[in-house]
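In the part that follows, the structures are each spelled out as structure tokens.
First subunit A sits with subunit B, and in the next complex the same chain sits with subunit C.
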Partner chain A sequence: MLKNPFVTGRNKTVYIYVGLVIVLLLFPLVVSSTFYIHILILSFIYVIAAGSLRLISTSGQISMGHAGFMGIGAYVSIYLSKFLGVSPWISMAIAALITLIIALIVGIPFARLRGIYFTMITLFFGLGALSIEQLFSDYTGGYSGIAGIPALFSTDSKIPYYYFFLILVTVCLIIMFRLEHSRIGQTWKAVAQSYSVASSIGINELQQRVLVFAIGCAFAGLAGAGLAHYSLVLSQSNFNLLASMYLIVYVLVGGIASFAGPIIGTAILVMIPEMSRSLKDYVPLLFAAIMLIVLFTMPKGLAGLPAQVKGWFHRKNKGNTPKEVINNAS
Partner chain B sequence: METASTCIMNGLVTSAMYILVSLGFALLLSIMGIFNFAHGAIYMVGGFVTYGFSVALGINPWASFVLSIIVMGLFGLFLEKFCFRPFMGNANSMMIMSIALIFILETGANIWLGGWTRALPSFIPGVLKAGFFSVTWERFLTLIIGAVLLVLMTLLINKTTIGQQMLAVAQDKTGAALQGININRTAAFATALACMMACVAGTLMAALLSLNPYMGDSILNKAIEVVILSGIGSIGGVFFGGLIIGFLNAVLPVFISSALSETIVLVIIMVILLIRPKGLFGYELF
Partner chain C sequence: MLLDVKGLSKHFGGLQAVNQVDMSINSGQIVGLIGPNGAGKTTIFNLLTGFIKPTSGKVFFNDNEITAKSPHIIAARGIGRTFQLTPLFTEFTTLQNVVASYYLHPKSGFLDIFFNTPRYLRNETYAMEQSIEILKLVGLSKVKDELARNLPHGYQKMLGIARALAVKPKLLLLDEPLGGLNTDEITFTLDILVKLRKQGITVLIIEHNMQILGYCDHVVAINFGQKICDGSAEEVRKNPEVIKAYLGEQHAA
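For the complex of A and B:
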């Protein structure tokens, strides 16, 4: 029997998510500083990208070209809205769709490769997308950046953006959650565990891997387009190899095994560097320090911390019964 | 003819550099299963250590070259013992570790040494002229050192016990351990060797071009391209991969824009990977 906390409501985590959304809804009423609002909006955008990267990883594939797909979404949306005069609302949706189609087209041959070779070909695709975007620097601005991207809202205030991206991230995460806990998500997990066993029980594993890759990349394209229409000035350095590495670090530091992982990892790793802007040069060191602390002390990432702490107390007070060991391990 | 000879010389020098860096990268990837994203940063640190010895301390350039190779070898031993060994066999942890290492090394160099571009004084000044070829001694020296090191590496891997042990570990860890090979010692030796070769490449490149804290980023891309093209687990394949990528990168930008040539190189690699999913000479490791 599949346990689906979102439907049954038996699990406590769903209350945590609902509480978090309510707190975030009330946040702009309490805190009026645009700086914090800005940080939260950035976190929302990167949560979509990191969450979709984790969605791809549920099928056992790690993509290192995810920022490249964000870039494709961003530049498609910029081209449509800035040069063809399409409304940014529509162009964002079209950008996500075009990213989906491109990911489907390249995903079919890429699915021939497994494991580290798949990771590497996505890395090369990300680099290639970057250099193709540089070729069309009349439209993308290349490394010097492009300005004057049409805005979603005609106000200077960040509040409408905040609520829009809060709704967007909530909807995207619900879709990802439902996908992961549906039959198709279980299929992806089966493929991740063993592709030969999965195909022996009748799963078309190539098709499933292409599908999850395309869906994940569509979310990345959406996040990229959102980033473009929010920040209004965009340079290619947002989508290079380092950006892909950052996304992977968000997921891994948060904990790749749990759904909350990318959310927690992104929240912490986007907020801390943005808040310590005065020490701009030292930010990567801070980043590395967080990564090393998580690496050496939390084997399941930041999302596994509550279970870990609970484990210490159980061990101290009651001793480990076999049942608790199983509970702690899961 | 002038263009052709320059192209060939450039191609050879670039390939020698790429092969030196990627050989270390391939050793780490094949033997320890570490995808060491920090290899570019180690290459940069190697250049800076030589700079520190020869310019800041005023030691003879050749002596400082040797000293920095020794220092980087010790750094490699340190890396293996404290950063890589605790996470052996865990790909995700390794990835976090190597990305954290990039941040630490690059930002450290940027903060404490300054982000501006420097140059190492050249080892031998002057120009060598022979028929159509006219190259600076510096480039010629780079090529010679690169070629000698590659021959030495091939001999080390194929003729010595430790080299054969490294190959055995690269092919099958459990099998190698059952034959009585000390895997930790082999891994430490390989890491030190990889760091030393990165240091040689970094120093030569710093004397040839320039030295700045972020110079490792582009060479890391090239090393990944070479190693994946030649196939993980194949040490000999790195030579061919390095020659292909080196010549493409040295010759194509002469005729077309650099962005276009970059795209073409990446497309060629992707097509080769799709035709041969394990790389040109590779086999399944993971």
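For the complex of A and C:
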């Protein structure tokens, strides 16, 4: 029985993910340092954002305004919970939904632009979102920040947050994995490779690119809302252009071609600015250096490293030369 | 009448790429569209398949107007096409290229796909079996797991046809399927055309290679965006306008 490339079968990597989740479940029992718990919670939140950014990229679209959508999610949730008294649990879900709707609305004109033009318009959307949030600074706090955001748990301990965000990131990643490893995701990948061929086989490539953009942005909105209700204090600088850039760096360093890329990239890079306050000003420089080193030595990012190491020992791995193709065929 | 084109025109600025072309294709035919380089053949293909919108004129397919509809809608109506420069899904394998092209028939719903329902799995099994059949037909089943970008040119051309067949076209538009092929590959491709016609697929084919004339039931010749001749292969071959277009004035006696 031949394996259909569009139906996910049992995959060895699934066991790695299950193992990772088990380790993370046990982690707070072994390590009691609040600092590490804090970093992991931040990683969980940013993995959702970076993972969804990569999901959008599978359709060939690179968004530079992803943090802008995180901001929309965050401020919608803050407005609902702090000013309207909605429970933060419900406001987070509504925030994701509203981000989805906004992304659908702006996605329709955006998706008509391709490549660098799409990237530029998302960049300006991110900047525009900041200005609009600034206009409503009574509710958003603008750059000076807003405090007193309703908390998810009425406790000072970070442990409940840790488990909540662990479950949330797991569920989000399962959804993204299912989307990608099915005909839905393969259709997005087809669109990325050639939109003319895609439309010649009946794919409404415009609709598909709007769809993936909206789904990805909904995850970003959820991550932003989660960040708000975890941090409790938030300023617009969390969602500025630099924040969008960092998300791209997480994805690229981890490896944009693999599902594990944003997970690995985020886990490593999120901790750098948190490590030391004095380092904080040099983060862009550090990230640039890391990105250069990684992309020069590991073109497929950190996630591509195992395959790369394997490749050093077995030359033939994936992809034959045309000559080999002919020889194999005859 | 399967395809009926009336007064199709496309102007790019001052350039009349296609000018008042009328053309009709009956079911079950192989129709050739010939003409020198730059005559507007590929532009006509792009107009028929909605990749560019005509300046004026109408296109009817199965008596329904498809003028200026989007490419994916025209594909859904039953027109498959290949591209001259063989764009494929280069990062997919041969098999993935064809399976991916089974997007319309059967079409699975978003939730069916997401939840891996039995209906989706049934659809995918069907797409898979059909893809293997198509790959056997075009002789690519041995290279089904190779990445499309690693295939030799001739194989890529065949894969282009295989992909277009996955749309289950009533009308198949082939843009220079023989371009850059060697003699064996040309014979093989021509055989496939005959097999496709037997399966009831109508084929409209752009070609420079005059070998194709022997396989066409009907030929349309164009030059400078205008139709210069329309008839059987024999008529077109003898037509002075065609000879002039291909060989120059002095041969057109």
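What to note about this one:
Everything below uses one rule, namely that the second predicted complex is superposed on the first by the 292 of 330 C-alpha atoms of A that agree within 3 Å, B and C clash if a C-alpha of one lies under 4 Å from a C-alpha of the other, contacts with A are read in each partner's own complex, and residues count from 1 in each chain.
Here is the rule we use: a contact is a pair of C-beta atoms (placed from the backbone, for glycine too) under 8 Å apart; a residue touches a chain by one contact, two chains touch by 3 or more.
What you are looking at is a predicted structure, and each value in this text was computed from that prediction instead of being measured.
In the superposed pair of complexes, A:193 makes contact with subunit C only, with no contact to subunit B. When both complexes are overlaid on chain A, the residue A:287 reaches subunit B alone and has no touch with subunit C. Looking at the shared chain after the overlay, A:178 reaches subunit C, while subunit B stays out of its contact range.
Of the two partner chains placed around the shared chain by superposition, subunit B is the only one that A:125 touches, whereas subunit C remains out of contact.
In the overlay built on the shared chain, the residue A:256 is in contact with subunit B alone; subunit C does not reach it. In the superposition on chain A, A:203 contacts subunit C only, with no contact to subunit B. Residues 35, 37, 86-87, 92-93, 95-97, 99-101, 103-104, 106-108, 110-111, 217, 221, 224-225, 228, 232, 257, 259-260, 262-263, 266-267, 269-270, 273-274, 277-279, 285-286 of subunit B are the ones touching subunit A in the complex. On subunit A, the positions that touch subunit C within their shared complex are 2, 4-8, 178-179, 182-184, 186-187, 189-190, 193-194, 196-197, 199-205, 318-322, 325-326, 328-329. The touching residues of subunit A, counted against subunit B in their complex, run 109-110, 112-117, 120-121, 123-125, 127-128, 131-132, 134-135, 137, 241-242, 245, 248-249, 252-253, 256, 281-282, 284-285, 287-288, 291-292, 294-296.
Contacts from subunit C toward subunit A in the complex involve residues 49, 51, 70-72, 75-76, 80-81, 83, 87-93, 95-96, 99-101, 103-104, 108, 110, 113-114, 116, 120-121, 124-125, 127-128, 132, 142-143, 146-147, 150-152, 155, 163-164, 166-167.
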